[in-house]
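In what follows, structures are represented as structure tokens.
The following pair of complexes shares a single chain, chain A, combined with chain B in the former and chain C in the latter.
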Partner chain A sequence: MSVADSAIGSRSAGVRLLRLAGSLKFALINLAALFVGVCVAYLSDSRTVWALVVPLASSAVNLLAAMLTNAVFRRQLPLLVFHLALLAVIVLVALGRLTYLKGAAEVVDGGSFDGVLATREAGPFHGDAIAALSFASHGFTIDYAPGIRRGATRNEVAFRNAAGRLETRIIGDQQPLVLAGYRFYTSHNKGFAPTFVWHPAAGGVPQLGAVHLPAYPLHEYRQAREWVIPGTATVVWTMLQFQEIILDPDKADQFKLPGEHDLVVRIGEQRWQLQPGMSVSLPAGRLEYVGLRGWMGYTVFYDWTIPWLLAAALAAAFSLGWHYWRKFAARPWNREQDDGTTA
Partner chain B sequence: MEARLRNGGPWFLLAAGALGLSALFAVALVVARTPLFGLSGGTFRTALVLHVDLAVVVWFLAVAAGVWGMAAGSRSAPALRAAFGMAAAGVAVMLLSPMLMSGPPVLANYMPVLDSAVFLGGLALFAVGVVLAALAGALALPRREAPPWQVTAWLAALVLLLAAGELSFALWRAPAVAGGVPLTLDDRLWAAGHTLQLAHVLLMMGAWTVLGEAALAASPSRRWLRPLLGAAALPALASLWLSIAEPVGSFAHRQGYTELMRWGIWPAAALLGAVLLAGIVRRWRAGTATLEEAGLALSIMLFATGCLVGAGIRGESTAVPAHYHGTVGAVTLAYLLWGGRLVAATALAGGRRRLLLPLAYGLGIVLLVAGLAWWGSLGVPRKATHAEIALGGFSYYAAMGMAGGGGFTALSAVLLFVGDLARRLLLRPRPGGRADVRPLAVALTALVVIGGGWLLNGVDAGAPVTGRPAAAHVAEKKKAEIDARFAQGVVMLHSRQYDFALAAFHRVLELAPEMPEAHVNAGFALLGLKDYGAARDFFESASELRREQANAYYGLAVALEGLHDLPGALGAMRTYLHRAPANDPYRVKAESALWEWQAQLDRQRGGTSR
Partner chain C sequence: MEQLLELKLLWAALVAYVLCGSLAIVGVVLRKRPERSVLALLLLGLALHTASIAVRWDRLGHGPFITMFEILSSNIWSLMLAFTIAYWRIAAIRASAAVVMPILFIMMGWLMMTSPGEGHFPPTYHTVWLFIHIGFGKVFLGAALVAVGLAGAILLRRTARGAAWFQRLPADARLDELAYRCMALGFIFETLMLIAGAIWAQDAWGRYWAWDPLETWAFITWLALGISLHARVTFRLSPRTGALMVLAVFAVAFLTFFGVPFVSTSPHKGAV
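Up next, the complex of A and B:
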């Protein structure tokens, strides 16, 4: 066998392989694998990114090979655009799964988000850009309809824009704050946050901190939490007590902080009932109760592919419509031809 | 012709691509102004930067480079290919830069930019490519028998090299701070931006001579043509002098170039246009005029309208965009017609669309210019949306409809022209076979997915907390600039940098024409420059705007003294003393001046009576 024969042979083997990769049978296998991947992703609690990414990548190869080998794609513009857009959708979905992030964060009124998430689920190639993000929460209002049905949440936040200038916005459950592609939405999760200042006995800078009590009104009767004073091993149990009806079920209302309240603080066997301005003296320092604030829970979401995914999906939908329009649009079948006969 | 097109063709395709994309960005701008789809401010301004840069930088300069490519011989072909590669890569980088590196948009006149290393790198690469093409054009000295377009191409190449020199000087050699005020990008682009307009006018004249060849042939003599084209380039010498004599950022520098534009750039083109129009009318009467000549006539009339509207500009109304859309539209229309003719000479053909679409573009621009000029006459400010303008009535809406309809027609015509060209180019039938749709499909999908994704990514995700109307936001931004410029001007005035003070107050007056304090301070800056006549005018306008503006009378008195009008100066100073508070620090000075002038006047009167 000559060198030329060998080259032709390997070329035809390559073409055969390409045809196989672009075959309908392979497409069917990919679809089945994707179905299994979706089931695994849906049912499994563990990390399932690869269960989706592998069949998606394989489908992309199948589609690309089909476009390269099938002659019909060289002639039909809308059909080819549809398949290219579909390829873009598959590739973008796979990239999105590799780089997405879902998480939650809590920020007290007047406090700031410092890049740390309370819960986090991310693709394997997600970077750490969120650690550099920050914004401040300037407080929130939540409307409630009779029957304690939650309405609109309006949370004023402040952040530095791309030009470095301070900007404020009102965000909500559907209106996110977008920072470097990360979308921060308010959530149903919010509550009260007793705020303390810890004055260490050994001197040093007093520390301001807030304890996020369980969400309200979801845990209306469990407004207590255990926490540790920073820099010590002292465990503090804190409970909020108030008589005021915060959300009246019989009328439209707004989320608010209780005006009259007591804060029960227990350390070991000792118990104190504090009001704003009061403090507890401990061997390691003095714990001062400053007052009550609210905290807001945020849903954090990042997937840079979404706008491009929507554009690709729209391109696919319109091109498919275009293709079928050309295929099935009514055309006069008796149009006169050049030679005078009718078609 | 084929050899020429080999050199120029790629540049023309780059230009057409830029024009088509700029039209798409214009569509994005319209979408951005649509309430439901509003884009974030950052995306809107990024789209604005890309639209302007593609429409008036890349489109014009790539056509210019294509013309230089056609004018240059085959010896320059390798250099032109390298230059084209750089320029095309530069444009691609510019387009992708918003996705690669965010940069705040800087909306400078002539060449707005995104302040990111990637975008600026792309722009620089494109500029180097164009300068190389201009060098090739400048080396192609036109022969005695060369057609007029080659002469204008050569002159335009020289002018572009001058503009490149001015830009390089302003970017790298001019001091960062002029008279205590940091130089802005706008200051640095001012000279080169104006000089470039001259290059574009020269090339437009070249295009006119190509399109109006038959009309020119009807002229009794053509010996005047070359001297006229030469005269058209003469303002470049004034530009060179200004760039050497006046410091970048000074009032004289800015004003000098403005005056150069006002008086120097248009007369030769207007003269050529008049001759061509006369020739076209003669051919029309003889029944031999073509559709292409109708387009040429439209281009000439658009240029004339743009210049006339420019002469009538007062303040920052929509008359300003009416002016530049008229002139830019005239050049674009001439290029489209010339491009259509070049396309017709190739295997791509072009049909009647190559004429009808440019004509539709021209008519659209006529409507747009008329609508904007009408709006301007109603006092509608530029760069403001409908939501920000508290006007209404039939005239307002009719002008708005005219401008909108014209813009839509022009945009559609450009998109169809470029789309048709792309279709013809990408769907060329293969020898003995059918057309392969794959390149077009890939281009179309990439455009929709990347462009559409970028647009969707910019959809605004949040509303400002205060919920203030846009007008209040615009007013706040404007006020911030007025305050900053006014403060700069005062500092300059105190440090006796009168030229720079005047530039600062000039900008304040552009933004707030009825601010008496700015009139007064501009007057004091002019007193410092010993321009007493102009100073008098500013003090008078200040006192007309606010009768109790006491220091306007003080300044008026000093200006009148400078003009040797002592009785007038005495009257003005007395008014000042009458209106100024008792503890005004200038009272003593004013009283002594009054005494001195009175004595001087008495002496003069005594001398006369003797």
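Up next, the complex of A and C:
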């Protein structure tokens, strides 16, 4: 065999391989593998991302090879658009998974979000633009239907818009604040925040701090937590006590702060019962209880692919409609097959 | 008072449906064609059922989307509507009512066993996506039901008795082609339903997809449908194989629509 012959031979072997990679049977295998993968991922508790990633990656190769080799796609434009859109969806989902962020943040009324997340889960290539973001929360209201069923949340937030001007807006569970592509949604996670001012004995600037007690009403009977006075090693246990019914199960109600309440503060063996304005004197300084506020928990989501995914998915749906329209309008269902183009 | 009216209307509708279904089945078995009466009873049942849903909607201030009772009722309504349209427009396949109606009877029996009490309408449901998402889902399931009627007839015709019953239906290959077209239509709407659901989920929960049980099952249904359509263009399938695939896809879809939302306590019920 000459050199030229073997080059032709290997090229046709390549073409054959490409045909195989783009074959309809391989597509069926991939779809079946994805089906199994979804079931595996759904049923098992351990991390089974591979069960989805492998068939999706294999489908992407399959689709690409099919578009290069299968003449059906040259004859039927809608079918090509549909499969291109499917490929785009797979690629976008992959990109999205590499760069997304999902997290949670908590902000006390009158305080601000300063780029720090309480929990965070992100793709390996997620940047840290969020660290530079900030907004202030001006408080919130939440409606409850009888039976303590949470209704709409309205949270007023202030932020600097793209033009650098201060803007306020009401956001909620379904109207996020969008800053640099990050979406902040209010969540069911919210509660009371006893607020203190710490006056260090050695002088220096007094510091304001809020203790976010466990979510209310989710943890109605656990309204206590430990925290550490800033700049010291002093551990403080704080518990909120009140008689008032905050959310009446028998009527429509609104989330509110308890009016009359006691704040129990324990440091080591010592215990105090405080009202707003009262202080605890410690060797390192004075801890003043200034009052109760609310805190709101936010769900934070970032995924730049969303609008593109939507566009690709809609393109898939419409091109599929177009494909079937052409295919079915060409021949009534109850006439015998004559041209071999339909199943 | 109003609840009583609503239930009376519903019962009357169910009686009309059951009469209609029985007539259709008897017609097929005795090889008679009471088609006008069947169509009239279908329309009567639908009118009464629509009135019942409207009264309840007006009383509760929200549509039938929350409790098992509401979901079953509204799906029986939409499936009946889909089948009525097929029955009216495609006269050649009317005998398939004898397959479709028993499936709806099962749903009606189930409906009668569920409590008509009201549920809480979650804040996440105050959106137009509710209607879009559910509307697409109903078209999908309706199209699939018509296909199931045809697939059932294809399979029953393999027995001597079934062959006699469904004698007047077009040939298996034609039924298979029509069932395929219904499933293709269903696939488009199932795709749209997933898209609308993702948009809604992004609004409601700040993520468009999270593999919650219902999302996962809806995707499995979509895949099953995609596999069955692909299998048709990959292999030359016999009408019997095609029919079995239609039934399999419908079974998965049925489980997704009426099983998953009620066995899982996870999200996708919206309320926290």
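Here is the rule we use: the second predicted complex is superposed on the first by the 291 of 343 C-alpha atoms of A that agree within 3 Å, B and C clash if a C-alpha of one lies under 4 Å from a C-alpha of the other, contacts with A are read in each partner's own complex, and residues count from 1 in each chain.
Convention: a contact is a pair of C-beta atoms (placed from the backbone, for glycine too) under 8 Å apart; a residue touches a chain by one contact, two chains touch by 3 or more.
All figures in this text were calculated on a predicted structure; none of them were measured in a lab.
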> After lining up the shared chain so the two structures overlap, which partner does A:Glu156 touch, if you call chain B first and chain C second: first, second, both or neither?
Replying inline: first
> Thinking of the overlay built on chain A, is A:Phe328 touched by chain B (first), by chain C (second), by both, or by neither?
Replying inline: second
> Regarding the shared-chain residue A:Phe301, is it in contact with chain B (first), chain C (second), both, or neither?
Replying inline: second
> Once the shared chain is lined up, is A:Ala41 touching chain B (first), chain C (second), both, or neither of them?
Replying inline: second
>> Just to be sure I read the superposition right, which of the two partners does A:Leu84 touch: chain B = first, chain C = second, or both, or neither?
In response: first
>> With both complexes overlaid on chain A, does A:Pro176 touch chain B (first), chain C (second), both or neither?
In response: both
>> Quick one: is A:Val116 in contact with chain B, with chain C, with both, or with neither? Answer first, second, both or neither.
In response: neither
>> According to the stated criteria, A:Thr168 is in contact with first (chain B), second (chain C), both, or neither; which is it?
In response: first
> For A:Leu310, is the partner it touches chain B (first), chain C (second), both, or none of the two (neither)?
Replying inline: both
> Which partner reaches more residues of chain A, chain B or chain C?
Replying inline: C
> Which chain A residues contact chain B in one complex and chain C in the other?
Replying inline: 176, 183, 309-310, 314
> Where on chain B does chain A make contact in their complex?
Replying inline: 42, 102, 104, 434, 436-438, 440-442, 444-445, 448-457, 459, 461-466
> Which bits of chain A are touching chain C when the two form their complex?
Replying inline: 24-25, 27-28, 31-32, 34-35, 38-39, 41-42, 102, 145, 147, 149-152, 173-174, 176, 183, 185, 187-188, 299-301, 303, 306, 309-310, 313-314, 316-317, 320-321, 324, 328, 333-334, 336-337, 342-343
>> Under the stated contact criterion, what part of chain A meets chain B in this complex?
In response: 73-77, 80-81, 84-85, 88, 156, 162-163, 167-171, 175-178, 183, 307-312, 314-315
> Mind pulling up the chain C residues that touch chain A in the complex?
Replying inline: 92, 120, 122-124, 126-127, 170, 173-174, 177-178, 180-181, 184-185, 187-188, 191-192, 194-195, 198-199, 202-208, 211, 213, 216, 219-220, 223-224, 226-227, 230-234, 237, 271-272
